[in-house]
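Mind looking over this structure? Questions follow.
Per-chain numbering from 1; labels A, B, C and D assigned in written order.
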Amino acid sequence: MAKLKIAKYWADGCGGCDVSLLDTDAKILEVAAIADIVFWPIAVDGKYSDLEAAKPGEIDITFFNGAIHTAEHEHIAQLMREKSKIMVAYGSCACMGGIPSLANTTDRESIFETVYHLAPSNDNPRGVEPQTRTKVPEGVLSLPMLYERVKRLDECVEVDYYLPGCPPFYKRVADVIDVIASGKLPPKGSVVGAKDKALCEECPRERHEKKVKEFKRPQFAQDDGKTCLLEQGIVCVGVATRGGCEARCINANMPCRGCYGLLPEAMDQGASALSAVASIIDSNDPKEIEKVVNQIADPLGTFYRFGLPQQRVRI
Amino acid sequence: MAKITKKPDKEKIGVFLCHCGTNIAGVVDIPALAGYTRDLPGVEMVDEYKFMCSQPGQDLIKDSIKKHKLTKVIVAACSPLMHENTFRKACEEAGLNRYCFIMVNNREHNSWVTEDKALALQKAKDLIRGAVARAFWLEPLEVKEVGVNPNVLILGGGIAGIQAALDLAESGRTVYLVEREQSIGGNMAKFDKTFPTLDCAACILTPKMVSVGQHPNIKLWNYAEVDEVSGFVGNFKVKVRHKATSVNFEKCTGCGICQEKCPVKRPSEFDEGLGNRKAIYTLFAQAVPNKPVIDRVNCTYYIKGKCKVCEKFCEPKAIDFEMKDSVEEIEVGSIILATGFHLWEAGQMPELGMGKYPNVLTSLQFERMSNSSGPTLGKILLKDGREPESVAILHCTGSRDVNYHEYCSRVCCMYALKFAHLIKEKTKAHVYNFYIDMRCFGKGYEEFYHRLLEENVTFIRGKAASVTDRAENESESGKLIVMGEDTLSQKLLRLPVDMVILTNAIEPQLDAQEVARKFKISCAGGGFFLEKHPKLAPVATASDGVFIAGACQSPKDIPDTVAQGQAAASAVFALTQRGKVELEATTAIVDEELCSGCEICLSLCPYQAISHNAEKKISAINDALCKGCGTCAAACPSKAIFARHYTNQQILAELEGVLNERI
Amino acid sequence: MQAVTPYLEVTDAIMEAGGEKLKTCLQCGACTGSCPWAPVNGFSVRSMIRLSQFGLEGIEKMMWECSTCKQCEVRCPQGLPIIDVVKAARTVFSQGGLLPGPLRNVVGSLVSKGCPWGGEKEVRYDWMAGRPVPDFGPDKENLYFTCCTYAYDPRNRKVGEATVEVLNKAGLSWGVVKTGEVCCGEAVNKMGETELFGKLKDTNHKLFVDHKATSIITGSPHCYHTFTKEYPGGYKVRHISQVLADAVDSGKLKLSKSLLKKITFHDPCYLGRHNGIYDEPRAVLKAIPDAEFVEMPRNREDSLCCGGGGGKIWMEVPAGERLSDFRVQEAIDTGAQILVVDCPYCLTNFEDSRKVLNAEDKIQVMDLVELVKTVI
Amino acid sequence: MGKRYTIDPITRLEGHGRIDIFTDDDNNVTNAYLQIPQLRGFEKFCQGRPVEEVPRIVTRLCGVCPEAHHLCSAKAVDAVYGVEPPSAAKKLRELMYMAHFVHSHIAHFYALAAADFVMGPTSNPAERNILGVVGKVGLKIGGEVIKQRSNAQKVQEIIGGKATHPVCALPGGMSRPITEDERELIETMGIQAEEFAIFTLDLFQDVVLKNAAYVDVIKSPAYQLNVHNMGLVDANNKVNFYDGKVRVVDTNGKEMFKYSPKEYLDFVAEHTESFSYLKFPFLKKIGWKGLEEGQDSSVYWATPLSRLNAADGMATRRAQGHYEIFFKALGGKPVKATLATHWARLIEQLYAAERWLELVRDPEITSTELRADLTGKIPHEGVGILEAPRGTLTHHYVTDENGMVQKVNLIVGTTNNYAPISISIKKAAQGLIKKGAKVNEGVLNMVEMAFRAYDPCFSCATHSIPGRVPLIINLRDREGNILDTYKSL
């Protein structure tokens, strides 16, 4: 078998996805054995012109991480799509928007206001804001306009596989590399490197009847270290999140925030989580239920931490 | 990250448009609708008929299924509540699974509520498009049948339960009649006369009670309660706890000597606190069975460890102080709940003086007082033994009142008239009735009201505001003063009377919620048991095989209660006579590939149909118990549970169809 | 009988002005039967509501009979907010200066001076002169809000003065914002002057927010009611009786002096029925050494209105119709030597009735705080 | 005006860090601009979130240094609640953080910086990468690099739940203790980390310091920068990464001031230019004087080099030895050679490894007393400061009384260095691009070396561009026409 040509690229992300690939350690050498990395800016010097010169379909697999926040991101995504046989949305940002898409709770203007006018460390007496065009003595400098809304990769180009996680757990990345090496790829559109079952399946904690009288924020809860966090009144999104990460946050005694994304049959991760959490409130009294629900500090930012661009009802 | 979904196979859909006379066709342009429908994807044929539910209409559907080899059928007619079964059967007779059929409600949802014909046509198109889109995703479901145990459990030995028990026993069923008091009879046994005919309540009730006691097919289990119910329609298992009576009924002859000799005196609950009873006691003289029980809370022996006077005098040696509760499990196929009502304590309305002034009585207290076997032997007397010179009867005590019970208690107007009559008959007192509206709706009721008007009772159109003993002048001293406005004369009234009778609201039994949970039925607003449908299935409940009768369903008078008792009996009869029941196929099912075992669903199921499979670490649903309510499917964060016939795909396809002009 | 035609525009106007539940009235008359005014002047709330349902003449007179004591509301089987209907009727009918004369003066004074009693702004804080009244600031926990009546009315001033002493004795961290307070607006709101009320509310609310007040103590139940029910909030509000009950309960305030007297307590409508505060003042009274506490026949939820609410404190009520006269008599009949109140309107009315009834030697009327002052 | 070169203007390729170098008619560099063309808005969208969740959100500022953000955020959140974590919790945090420094510095040195030195700055770009380095130094060493970095990641994963985007810090403490087995494992790895740090320093000596040509490059004027120095120091003015006060030492090596986190607004301010989304922090007491060097300028840097310049020494034995060698070799404090930053980084790596061992051998490290009592604490406002591998990191939060975030301000490691990087680039360009000289890829890479010394991470800085900066360098004439373009994606 000829060596595969693999590319990796990021858009609006944090670089954690690249680190996750490095974290496969020895596996990365196996990758080198089966594939040539033709394009990976974090580790390999490459030329944009090479990429552009490539023929359509010349790259076998592109791992694309990060969400789409500027025209540039979209442009590269389209270019990579054209040049690649397989496009993998790598990591939560590419799959579903990720944490950068929390910016969709606000707008560009408010971000500018906060960063350039309200930040207490600002010394900006003339109220300067970044401009798309700035005249300097030597010429004109331009900046790209930010999109108003952060998008998922598959809102811009067709995606063949989704590899979720923030970042994807390196063991699952290694699994996916094995699958690629074996050549036995699942049907297009599949989620890879994650389970079809919710995180609860992997969660080592004990479960009993779920009846919650009160929701507590983690810092005020006395976690016993072994009982289902939800049962202890600590909001955990694991019930509405794909497994695959081996419940590492929960093993560190912290609740899941849903980075592996929505379950195969679910339509909206936040709605699923919310309906599950709402179902376990131990009361029939609407007033008490309202009181308990209000104890959930930040439903939007908790249940849609990673997937705002994916929610069915757009804000 | 949507799951890969398979495109549904090609379908042959037949659509049948019902005119419903002019009900639908008068508003919706049926030919235009037919033309539109014909072009929808998957639609093989479209036909229309004046009355699709008629025999020719059904034949049309059957013939078309065969002729066109239809795989799915849609009928656009009235509400599925009316004729879904009709058309399902038609489909089945033509060899098509009944779940491959959809009914579009083109009448209640459209023609009856839409004036603009163009809009009505548009809406009909939208609804049919939705049904067609959904039809692709429908799957045939298997309908299972189970046998029905002919035995019946009736909970509650009031008039409703008595009537149902007698009817069913006559039909040859074995009836377990479980009553928590030591005698059957219920509230009716406390009444004096019944309105509007003024029959003596005991005269019409006791013969039935005796029949129950004697009937070979009735197992009368008094002083017993249901601990646990499991199983499902036709196959219930019920654990009944026989409370320790401390009296061996086999040996007891009912001679009554023990009651005579017992030194303890307690206010009698049966007499609503107006008279006394002993620590060993029967409820009343005509009790069935007429055998006493020991009230262990108040019995000197149980408190202090000695006394045993009753034992000393009991010749048959029937007293058994060591008796313990015993639990017996029975198997029955159907259950009737006839648990009756509770009379609201008006103590929550302090302005009416209940509990504060001795001559303010509840309605049941008055019944007991007026009853010739009651504490005053039927005499209407004040606390000091005098006969009252004036009595006020206050209607709507805690009924029709958002602060207490929003509903009308339905019987108060009539018994208030009866009380007025009895007072007039037995005393020289003047009677005032404070009412908001006079509700006399039954057979002979208005006539009874008319009779009372002639009997010189004063009717005051206004709700009494307060009762006080604070006299402002000599003539008020020693009286109860009722304040209220006569709204018709627009005068504020200050009425000094000797006695005040309240018409306390009728409430569900205090443990109604608990009983509902045990039998997996629901409670409606106000806490009364919820029937399956107020008009179409008034004695059935959401739990198949469990029926309700009498005041546990809503406040009602004796004629209605007896009628419902018989209705419940006939429903049970029909069920047991058939001998088999179909289990609803539209149950929920767990996808084992998707269930993570988070156990969210477990505590949510109102029918306790879900259990945790410890081996597979996932949830499992018992088909026979599941009612397909969908609560678990909605809550399941994995969407690993889906409700058959209402899958997400089906619902979304229908929505998509309704909302999207192009499907 | 003269035939009339319903004037439903008026009905609509009343419904729009806050009486939207008007039509749910069953006309059962429980309200009239409960109303303390009905027996003395024949006022029928039900009748007023009926007329309102048709927009007929007569509302405009009847509506001023109500002192918003809430007795009817608690008994209304339909849960109709009757006071809102009265208020709405007043809003509709008093537009264009149709207020009864005495109330016009009140409104004028509120507009120009921010107080209903005609007192100048400058003298509002005079009562504090020479008294240890701390300034409210960031270092203080509680802001004490001075009711206009305590500030301007000579009899009521004594209550304010007692309050200073008692709060200091209890070691409470408190202070007064000694500029910018205006009337809480409760009465004028019930008089239907919603716009004026809005202005007063905004002024005080801004004062609270500007001073970062998180906890407010009021002497008058009317201020308490308005701050908790009508103001935007953001601060905890306590009535002085709650503060005293707390201080007594926690031992911060010791009631150490003996009081060999029989005392009774009158529940002000706005403390009791409107806000459910019944136990706190009683707890304080029962903690007074040696005092014998007796209840009047009409107590707690059944308490008889003094007749001063809803603007009626400024209106002339003919002799024989004054509720306070009946109430003081009721107190005398219990054998009590002191009638304790904790509302400036009740205090004012009862002091008047004492004189009218020539009962000045039979019974004393004291505010709760005044009485507490004498036993610490 | 000369010829107009138009090199395929890939105008849509605009999301990368971009350097525009303007030349005059004689092809002399007149100015150079570094533009950062993106912004993500964490400061805004963290508003309304519960403050305890912020440490779990801000990790996504940067997947390369998430521990820095997690722990800095945790410190700020502690301050918001006005609590100090128990000492075991602090030690556990610092232990994780030392592993993070080791991981980060290894990654930077071997994956990014070493290529320039080991392969040569003008070597074939196709080989100028980590694989080239491994090829040259040997596969065994390559394997060791991977192993050591991996070990450091493992330690962070044990303590933090995940190495990339840890979750362990709660207001006032840590969520989970470590077991004795875990402690032993971490100790074993620490011993190796220390050895490897020594090895790397030796390697640096061999390939860089013993090569006169490279030393010339390091000392060449194009790579000198005369600005103030910032760094976190402990009570003894020794370098500290997790805790202490920020010390600023001027261009002459004299202490200008020292401040604690909550005072930061008195000492640092940020200047905005319309051509970039990134702000320029500067010393507030001096005031913004533009992109200028010198004692009078308010520009400072916050890098491994500045940290060494700003401190009086290292708190561990072996690192202190190298600290002394370092300043002796480079002519005393403060060192102004940009490229010496690489060396400073390796000394820090050694310090981190030594401190790692100290902490893991502390008997308290397996304690389960990890949470401060929050009862009765009303959250309000807090500032956290620590040293990220790429510079001093400041997180500042204000919350309502329920601990819901109302304001967030961030001054991130690399942001501190925006002004010095800009000046360094301009100087390098002016030094390297001369009249008549052919501008080739190698020359432009040498411009980029000035930039790379800072290990700039604009993922953090603008909370925008992830990972190492992909660059476009445009060479423009006075009219702004692009003469030449160099792109590294």
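Quick notes on this structure:
In this section, a contact is a pair of C-beta atoms (placed from the backbone, for glycine too) under 8 Å apart; a residue touches a chain by one contact, two chains touch by 3 or more.
Note that the coordinates shown come from a computational prediction; the quantities given were computed from them, not determined experimentally.
Within the contact network of the assembly, the step distance from subunit A to subunit C comes to 2.
Distances from each chain's CA mean to the overall CA mean are smallest for chain A. When chain centres are defined as mean Cα coordinates, B lies farthest from subunit D. The chain pair A-B and the chain pair B-C differ in C-beta contact count, and the higher one is A-B. Subunit B and subunit D, compared by their mean Cα positions, are separated by 73 Å. Rounded to whole angstrom, the centroid-to-centroid distance between subunit A and subunit B, based on C-alpha atoms, equals 52 Å. One inter-chain figure worth recording: subunit C and subunit D are separated by 67 Å, centre to centre, where each centre is the mean of the chain's CA atoms.
With centres defined as mean CA coordinates, subunit C is found 48 Å away from subunit B. Viewed as a network of touching protein chains, the structure reduces to a simple linear path. Across the assembly, chains come into contact as A-B, A-D, B-C. Residue ranges of subunit A in contact with subunit D, taken from their complex: 10-20, 22-23, 25-26, 28, 39, 41-49, 51-52, 65-66, 69-73, 75-76, 98-100, 102-103, 105-106, 110-111, 113-116, 118-124, 128-131, 134, 136-144, 146, 166-167, 217-220, 223, 225, 248-249, 251-254, 257, 297-298, 301-302, 305. Contact residues of subunit D toward subunit A in the complex are 8, 10, 12-16, 20, 22, 30-31, 33, 35, 37-41, 43-50, 52-53, 56-57, 59-64, 66, 81, 107, 111, 125-126, 128-131, 146-147, 149-150, 153, 157, 160-168, 170-172, 175-176, 264-265, 268-277, 279, 281-282, 284, 288, 374, 396, 402-404, 407, 409, 411, 457, 459, 464, 466-468, 470, 476, 478-480, 487-489. Across the complex, subunit B is touched by residues 95-96, 162, 164, 187, 189-191, 196-201, 207-211, 238-240, 243, 261-267, 272-273, 275-276, 279-280, 310 of subunit A.
For subunit C in complex with subunit B, the residues that touch the partner chain are 26-34, 38-39, 42, 44, 46-47, 75, 77-79, 297-298, 301-302. Remark: subunit B residues 1-4, 591, 593-600, 602-604, 617, 634-640, 642, 648, 652 touch subunit A in the complex.
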